[in-house]
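A, B and C are the chain letters, set down in written order, and residue numbers restart from 1 in every chain.
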Amino acid sequence: MRRTIPLLISSITGFLLIVAFFIPYTESWGNEVMNWFDIVAAFAFVLGAGSLLKMHLRKVSDRRAGWGYSAVTVLAFLMMLGMGLGKVGVPPSEKFPNHPFSGHYLHEGGAFWWIFQYLFLPLSATMFAMLAFYIASAAFRAFRAKNTEAIILLITAFIVLLGRTYAGEVLTDWLPESLAFLRLERLTEDTIMNVFNLAGNRAIMIGIGLGIVSTSLKVLLGVDRSYLGSE
Amino acid sequence: MKQSTIIWTALMVLGGGFLIIRASTVGMGQAYVRLVQVEPEGSTVSWTDRLGVDPKEQNDADVRLSWPRTIGIWVAALCTLSIFSFLYGDNPLYKLAEAVFVGSSAGYAMAVGFWDGMINILFRNLWPELMRTTFIPGIDETQDANLLFLVPLILGLMMLWRLAPVGGWISRWALAFFIGATAGLRLLAYFQSDFVAQIQNTIIPLAVFFGDGSIDFAQSLKNITIVFGIFVCTVYFFFSVEHKGIVGKVSRVGIWFLMITFGAGFGYTVMGRIALLSGRLEFLFDDWLWLIDPVGKRIGL
Amino acid sequence: MLAFFENLDRRWIFLLMFLVVAAAILTQVKFPEKPSPMVRNVFRTIEDLPDGSSVLLALDYDPASEGELQPMASAFTRQCAKKKHKLFYITLWAPGVPMIQRSIEILKSEFQEYRYGQDYVNLGYRTGGEGVIKLVTSDLKRLYANDVAGTNLDDIPLTRNLKNIQKMDLIVNVGAGSPGSKEWVQYAATPYNIQMVAGTTGVGAPPLYPYIPNQLAGILGAIKAASEYEQTLLERYPELNENEKAQEAKRRMGPQLVAHMLMIGLIILGNVIHFSQRRREISQ
């Protein structure tokens, strides 16, 4: 029963959405299921945050190595959540001034907005900006033209790296119109991206598409039960 | 004292000195707001909105220096430098910044999920009268409670039961709903858009002609290469047949096509990462240090 | 010398990358741009729409990708406003709400004749990812009963009679990942034949090429395309030349060039060292 009912739920939901796509009469059922899907997704956010809180609280209570940082994580989480849920510093909506909680939680000047703008945003953006350094280091240490395939990859990368900057124009702009297709910027866009990249990515897309279809069918027919975990 | 300690101390002192001198003379890292009085019609409630403006407007009558936002810019700069400090080596400042990032991300997601998921969809339909008097006054007065939304509420609570010490298995029911819905959605979408449509898009003329009837060799060659490329790449991905003999040779050509694809992908990825770094450095040099002013925020200062 | 490079601490490479990019930003070097056919195609798709067309702007990115994608979103907003299109802002990403606000600030500051509710509306965010697309393409008000300010959509002139987005003249998506451009193509553009253009990060651009031109009219891939797009916008609307905020991507091409040169140099140097080392080992 513990595994049968979820299998049934999964199959019925999936097949209902498929049927709703083809039969107009059932379209509203499909829309209702999608609405529920969007709500359950909101609970998934809560679950994720709750799991994080649980893990870090356990680390703090067990006094494991690095528990101080876990305490900071919990504090930041509670602060962000508190400011967001309480709409601290957020005035009412201009259209509904007599409803104190009608304003938008990210209203400019509010506490939640401040934490997003001056803590979350710079931290998030800088984390990803670090990748530029790692890609430079990887370029020096790992990208080796060891065989034919690697040489093809690196030559293509060079053409794209040059072609997507002003350097590409400067280096090959002198080529006559009859050989314009060899200019780096044209070579990048017209040949590499619109021919070779298109062919390769389309083949990958077709393969993935078939894979997704077969995996989805396996899930809906109950053949693939890995999402249910162990017995 | 170790040589590295001396160097670091000197760098910190010089850096700190530069910041103090610059902040007190030229000015840097300051934020200004325009005070806007909001007095909605027909209401006794009023408040003052603070809208961010460029520093060049600081002499306007209703513009003030904003201490919260000024402190915010310095905090943001410190956060940025803390994360960058990891490039030298792992250190407590980076770990602190990382902890704050993880906590604030989770808190942000949960707050947004609550307001834009639970309040605006679930509770709006389950308790419209309560929502109208509290958070969403714009709800239609004639809207009745839709008890069908008890289903996603129960599913959601089942999902949260995963955190409980016992009975966590019930969360599989909610997960099954989610997985089933995703499978149903994606089966159709991928089949239509990534399979059928792609095969349709591949049916292109191998001989292209101009309006006057002459053959367009360039476009024809392109189309032949595209169709040939898709074929050889697909052969490479067909693992049910051993890649030997003619199949092996064809799949080898497929690999070359894929290498060009990945080389292009790498080139574009590099582009993307550099742009992100430029963005952060622009923040440090423009908004914090006031060393550059590309958009003229401080003209006349 | 070879030994020095063989054992080079990677932190020197980090420092080099920082210095070249910082120098380019501090010197504010800009380069001329020649828009590519793909970028011109995207531009024409929006420009050829009759004035006042309905455009859905889906801004699906977060602060991590803002450096690359905000110039695109800003350029799209400016062009649509110049064409007096009716704009419907939406996002599938939780951190996308402030990103929409950046574009709306452009409307408020540079296009004062644009009125909220009549010419543009901000629908904001709802949880669900591709589930949101599925609903807005069939019954939008089932999910969005109100805009971000809490106003009922039935009370907003622009959305009063809006049942779903199937009748939209164009979808403009600026996406950083999933859910994003791919999902909009799969769940909206393809099944309902809605015209669509997209702006993506460098990573996300190459996999979208198979959708062009039947499912996706064109893509702006990475900051270079954003820069070319800004150039196209400036050529069409020369008055924007005085607006430095409309040239954000063009400013970023200076650091881009020097960083690319550094990358190429590092790859070549790395290979030279590697093969010299191997030759030495073989000869020993």
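Methods note: contacts are C-beta pairs under 8 Å (C-beta built on N, C-alpha and C of every residue); 3 or more make two chains touch, one makes a residue touch a chain.
Here the structure is a predicted model, which is why all the values come from computation and not from measurement.
The highest number of C-beta contact pairs joins the chains A-B. When you average the Cα atoms of each chain and compare centres, the chain farthest from chain C turns out to be A.
Centre-to-centre separation between chain A and chain B, using Cα means, comes to 8 Å. Spacing of chain A relative to chain C, judged by their CA centroids, is 15 angstrom. With each centre defined as the average position of its C-alpha atoms, the distance from chain B to chain C rounds to 11 Å.
With touch defined as above, residues shared between interfaces to two or more other chains in chain C number as follows: 14, 17-18, 21, 64-67, 94-95, 97, 124, 126-128, 131, 134, 143, 150-151, 206-207, 210, 222, 224, 256, 259-260, 263. Taken residue by residue, chain A touches two or more other chains at 34-35, 37-39, 41-42, 45, 93-96, 102, 108, 116-117, 120-122, 124-125, 127-129, 132-133, 135, 139, 154, 157, 161, 164, 190, 193-194, 197-198, 201-202, 204-205, whereas all remaining positions touch fewer. In chain B, the residues touching two or more other chains are 87, 108-109, 112-113, 116-117, 121, 135-138, 181, 185-186, 190, 193-194, 198, 201, 261, 264-265, 268-271, 273-274, 276-277, 279-280. On chain B, the positions that touch chain C within their shared complex are 87-88, 108-109, 112-113, 116-117, 120-121, 124, 135-140, 181, 185-186, 189-190, 192-194, 197-198, 200-201, 261, 264-265, 268-282, 285, 291-292, 294-296.
Listed in rising order, the residues of chain C touching chain A in the complex are 8, 10, 13-14, 16-18, 21, 31-32, 34, 36-38, 62-67, 94-95, 97-98, 101, 124, 126-129, 131-132, 134-135, 138-139, 142-143, 148-151, 206-207, 209-210, 212, 222, 224, 253, 256-257, 259-264, 266-267, 269-271, 274. Only residues 33, 38, 40, 43, 45-47, 49-52, 68-69, 72-73, 75-77, 79-80, 83-84, 86-87, 95-118, 121-122, 133-138, 148-149, 151-153, 155-157, 159-160, 162-163, 169, 172-181, 183-188, 190-191, 193-195, 198-199, 201-202, 218, 222, 225-226, 228-230, 233-234, 236-237, 254-271, 273-274, 276-277, 279-280, 283 of chain B touch chain A when the two sit together in their complex. The touching residues of chain A, when paired with chain C in their complex, are 27-28, 30-31, 34-35, 37-39, 41-42, 45, 93-96, 102, 104, 106, 108, 113, 116-117, 120-122, 124-125, 127-129, 132-133, 135-137, 139-145, 154, 157-158, 161-162, 164-167, 169, 185, 189-190, 193-194, 197-198, 201-202, 204-205. Those residues of chain C whose C-beta lies close enough to touch chain B in the complex are 11, 14, 17-18, 21-22, 25-26, 28, 64-68, 94-95, 97, 124-128, 130-131, 134, 143, 145-146, 150-152, 154-155, 183, 185-187, 190-191, 201-203, 205-207, 210-211, 214-215, 221-224, 244-245, 248, 251-252, 255-256, 259-260, 263.
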